[in-house]
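Next come two complexes, and both contain subunit A; in the first it sits with subunit B, in the second with subunit C.
Our next item is the complex of A and B:
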């Protein structure tokens, strides 16, 4: 939408293999990214049908400043989540944003179910439905390599997004892998792909968008680049990256450990950011358009044949969320085993956080006799990474009834086998790696997609001097952040960079690419987007009063000590009152 | 003055030359003010551990304390 007054939408019907392109001026009040995607989801979804019905849409959208400014790198995917049954929203970087931009599409809406496994090859001149039966059953890395070879003549900047076995088997937290190291991780977009027999999408294009007025553009661009590279605001993401969190979170009692039996991990130092860096770090990569490069790649050696000395080197992307969910959460006390587990989850194509939390619950369920070895097939015990690796395969392959149920998420599995008190999800989405306090839990509960990133509750907790902050103030702090993040996500910036994009900078940056908006306009846009999400959630029958949180959140002391269950529900109820009128905002 | 031992991690390399150092501090220095005393950026310094326990609000450092300074939590 740069220098344009419309949003260009590619509509794809997998069943009929037809496409059409819209140029929608009426979407401009949603700015881009999450705003446009939410509106398109609202228009296209079928609230009367289940999340994996062929009619349900997948919507991708790029942001209003995609690619032309630093760290504006992400694409949003919106869908009905098969994990929670309501709003699905997930972000990924890599090359996808740039290739969508160069293909000339601000948004893509995919509906219908293909008659056979298919991959879509999208360019600025064509959309081709390619038979992908030969790829069905292959891991996400392998299919990516084959498509790259096949589409090679289109250019090396090709972006390829695809699912692994878990998506094909409709595991409710299957992810979509983007290029080599990025993902639409949370809430089961991979299963929605699988339900459409959509194995992959390749994207490429050659459109350029010459900047029309260099002086103001380069003024803002240089300023932003300087802030991103010289101010120190971003360097920590490049240095150790988010794995730096492991030790401090453990020290303050906020690192979920052993299925949240504890917030402190005695072996945190053995899986710390420093430990990963010194033992495994071989490269740091960046999403296209990012001068930071926070993607940390670790390498380890593995044996690939039993005879002789047959080794290969494996490179794995790692970050804090993966280390918590497949490390401390499962009692894994060494970096190599964590990397091996990450690799297994990657190949199968599942969200690492949900996978780790599901395995943590299964371990305790087995320990407590709620399920037996004939269910789990392997003796799941905290610290036993080889058993977990097998369990990852069983889950992704829906090996038996137990793993099929586990693949629906811990909320569902615990409703079948018991153990709800230690099934660590928030409104159906498995917990993230921050047991920091009220804002983390209530924030994820009220967050539109029940992610820790909806409103950064963990960050609010950390900033609190007094954890017994007034309930109104807490609900208000969460709401303000939840609404404001709709601006970041409509542009769509990497959230790591949110401190370099203040309102004034955003206004000048938009102006330099032909979008004249005031501070009031931006505030109205954030509210409009949030209102759209609230209407979607309402249509899907989500009610905050029905959220039930597992008891363990209130038994295991957080960074702010033991949390009061009643108080947490009060914050949620207060938030519900605050948003009561908001969905009417247009 | 008091003498304390301060341990940080690689995250503090922009501020401190050594990962473990002995330094002298004025009497009455609070654990919570250590980052500003050492000119470590507010956004970079996290929890302070004194002799193995997380420092309480207002805690005054004592001669001989062993201090571990942790990075602040980062994320989206």
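Our next item is the complex of A and C:
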């Protein structure tokens, strides 16, 4: 906790509706954020039980510099992923970090299953278990409005995180929505909520937190604010936002298209960042404490009756990852249909990337006759957004056996129906929007949570002049970044700001809020956190040697041309050797 | 010429709350947004439009009129000056402000009063808040 020598943990048992608060000095060597969350997950998880067992914990943590510096906005959630069966880790911004900070909780651990649908109302002075039977079955936007009303929020700063229908139905990649436009998207936290009958959490806090060393603090704060707003390092995230990447990635052959049958999309120009901005962009928003404002809101008009000129205006948040997964990946060639699909996925409360990749696989499985129309219920074809909209509903509603299986992810679905070669997941997590080369694929395979953000392999690929670099060098580059990101994620900064916060800046910023740490200390912290993750993965029986990648990764040329399958596995094996001794680090 | 704060471009607001953070930081030496004299609200949640609830800089400030101890006095150019030593914490000013711009600091037992210092405008990244010159 800021200015204290302990981490303040709120423990919540949903079953008994009891809470207790710990002040944990022993967690200080983990700094905050992902470090604290990983340790708490390791302590509380039950490796002997399935991911959705009532005993399994959900851990949230804020970072060591949460909210007090610019762009330090994220909250980490850790859990056992019902999608991969192993380490679950996901980040979201919005108002949640600020409200946890002001409520005075560095971490929240939730265990047990509520006797009835419940939402938790957490403030600095109380934790209330509210009956949510009436909200069970409501969409993620609707339930937010009800809770805001009930908590009598005047629109100041309440944070509301909630699940939609998909989470209730235990879709393995259901997400948790945060303040409407942000998400704990990946790896199925929404299903873990659902398994606990936990519909939502509202958070608010009004603690006074006097600044202890004003002059040095303000100096660093002002300097960082100027860097974030004036240096130009972050302007691309504000201007067109992440969709600026759609066309360039397609041009270099790295934009996954038509279930990765291609890395280039012939209609990329029709779903580009420029196209979204000129046709739909109506607003930009920011997470609390971020002067950049990367959240892009697009609006489109929808009719809800065939006669009588009945229309509504729909506003949807859009980003690169959603445009890839619900756009190029499914052959949707216009911005409006992409927005409409995003909206559908948002209301149901699913991870957009996994949803798109699952639909891409289902489309080909139907085309190849592995499944029939009596399974898919609609004629799934690339480019047909209305069929996909229905399929999203079927998936979220677990409509039939096929959609229930699809809701377990493409790894599972392809093990039932076949088509493993084009079921595009990496160790059970559906692929992200970068077919850049070896580092993207091997990086996600070795990454602790199999996300493209574990070590940014796609970024390593894009920085390479020679894609055939030595296997050792490649594995090393991935490992270095994987370990270093534990520092960002213990603070918890938005990864967009990583160029602003170099090591020296982090040391000065921490010092100004009373944490004196050296460069060596920070290195030890990153290793300690990574070791914790490795121990968790080991306890959950994850073995890198068992990772099997779908063939299509090696058939469809990447931005660095066709990739060699054997070489990819060699990188993974080399990485495995490198980390063999690391889990013992304390 | 005196300057007063105008929240006159709020349609551009990102909801980053930098104004609140810097107001609380500079004026109250506190990390808590509760200490800020300006508050950004979206009455219907984040999908709603943001409004700034802040001192409007009245030329005949009702808050000063009801202050029984002269802790609040009219300021040149609009708004009020606050002398915390004279404040007895009666909270009359809070009710008198029709713009709901005054909140009460439960810790200090004093109202939180905007003194139009311009810090919020200075750190607004999107040009929503501006300092305007007004005749004294």
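Note that the second predicted complex is superposed on the first by the 583 of 586 C-alpha atoms of A that agree within 3 Å, B and C clash if a C-alpha of one lies under 4 Å from a C-alpha of the other, contacts with A are read in each partner's own complex, and residues count from 1 in each chain.
The rule is simple: contacts are C-beta pairs under 8 Å (C-beta built on N, C-alpha and C of every residue); 3 or more make two chains touch, one makes a residue touch a chain.
Please read these numbers as outputs of a predicted model, since none were measured by experiment.
Trainee: Using the touch definition from the top, say if A:267 reaches subunit B (first), subunit C (second), both or neither.
Mentor: The answer is neither, since A:267 touches no partner chain.
Trainee: Of the two partner chains, subunit B (first) and subunit C (second), which one does A:508 touch, if any: first, second, both, or neither?
Mentor: neither
Trainee: Look at A:144 in the shared chain and tell me whether it touches subunit B only, subunit C only, both, or neither; answer first, second, both or neither.
Mentor: second
Trainee: Could you figure out whether subunit B or subunit C reaches more residues of subunit A?
Mentor: C
Trainee: Quick one: classify A:130 as touching subunit B (first), subunit C (second), both or neither.
Mentor: neither
Trainee: Given the complex with subunit C, which residues does subunit A contribute to the contact?
Mentor: Against subunit C, subunit A makes touches at 2, 67-68, 70, 94-95, 98, 101-102, 141, 144-145, 148, 154-157, 160, 179-181, 206-211, 214, 217-218, 221, 225, 229, 284-293, 315.
Trainee: Using the touch definition from the top, list the residues of subunit B that touch subunit A in their complex.
Mentor: 9-11, 13-14, 41, 43-44, 46-47, 49, 54, 57, 68, 70-76
Trainee: Which residues of subunit C touch subunit A in the complex?
Mentor: 14-18, 21, 25-26, 29-35, 39-48, 107, 123, 125-126
Trainee: What does subunit A use to touch subunit B in their complex?
Mentor: Within the complex, subunit A touches subunit B at residues 232-233, 235-237, 239-240, 242, 244-245, 247-249, 251-254, 272-274, 277, 320, 434, 452-453, 456, 458-459, 462, 465, 494-496, 498.
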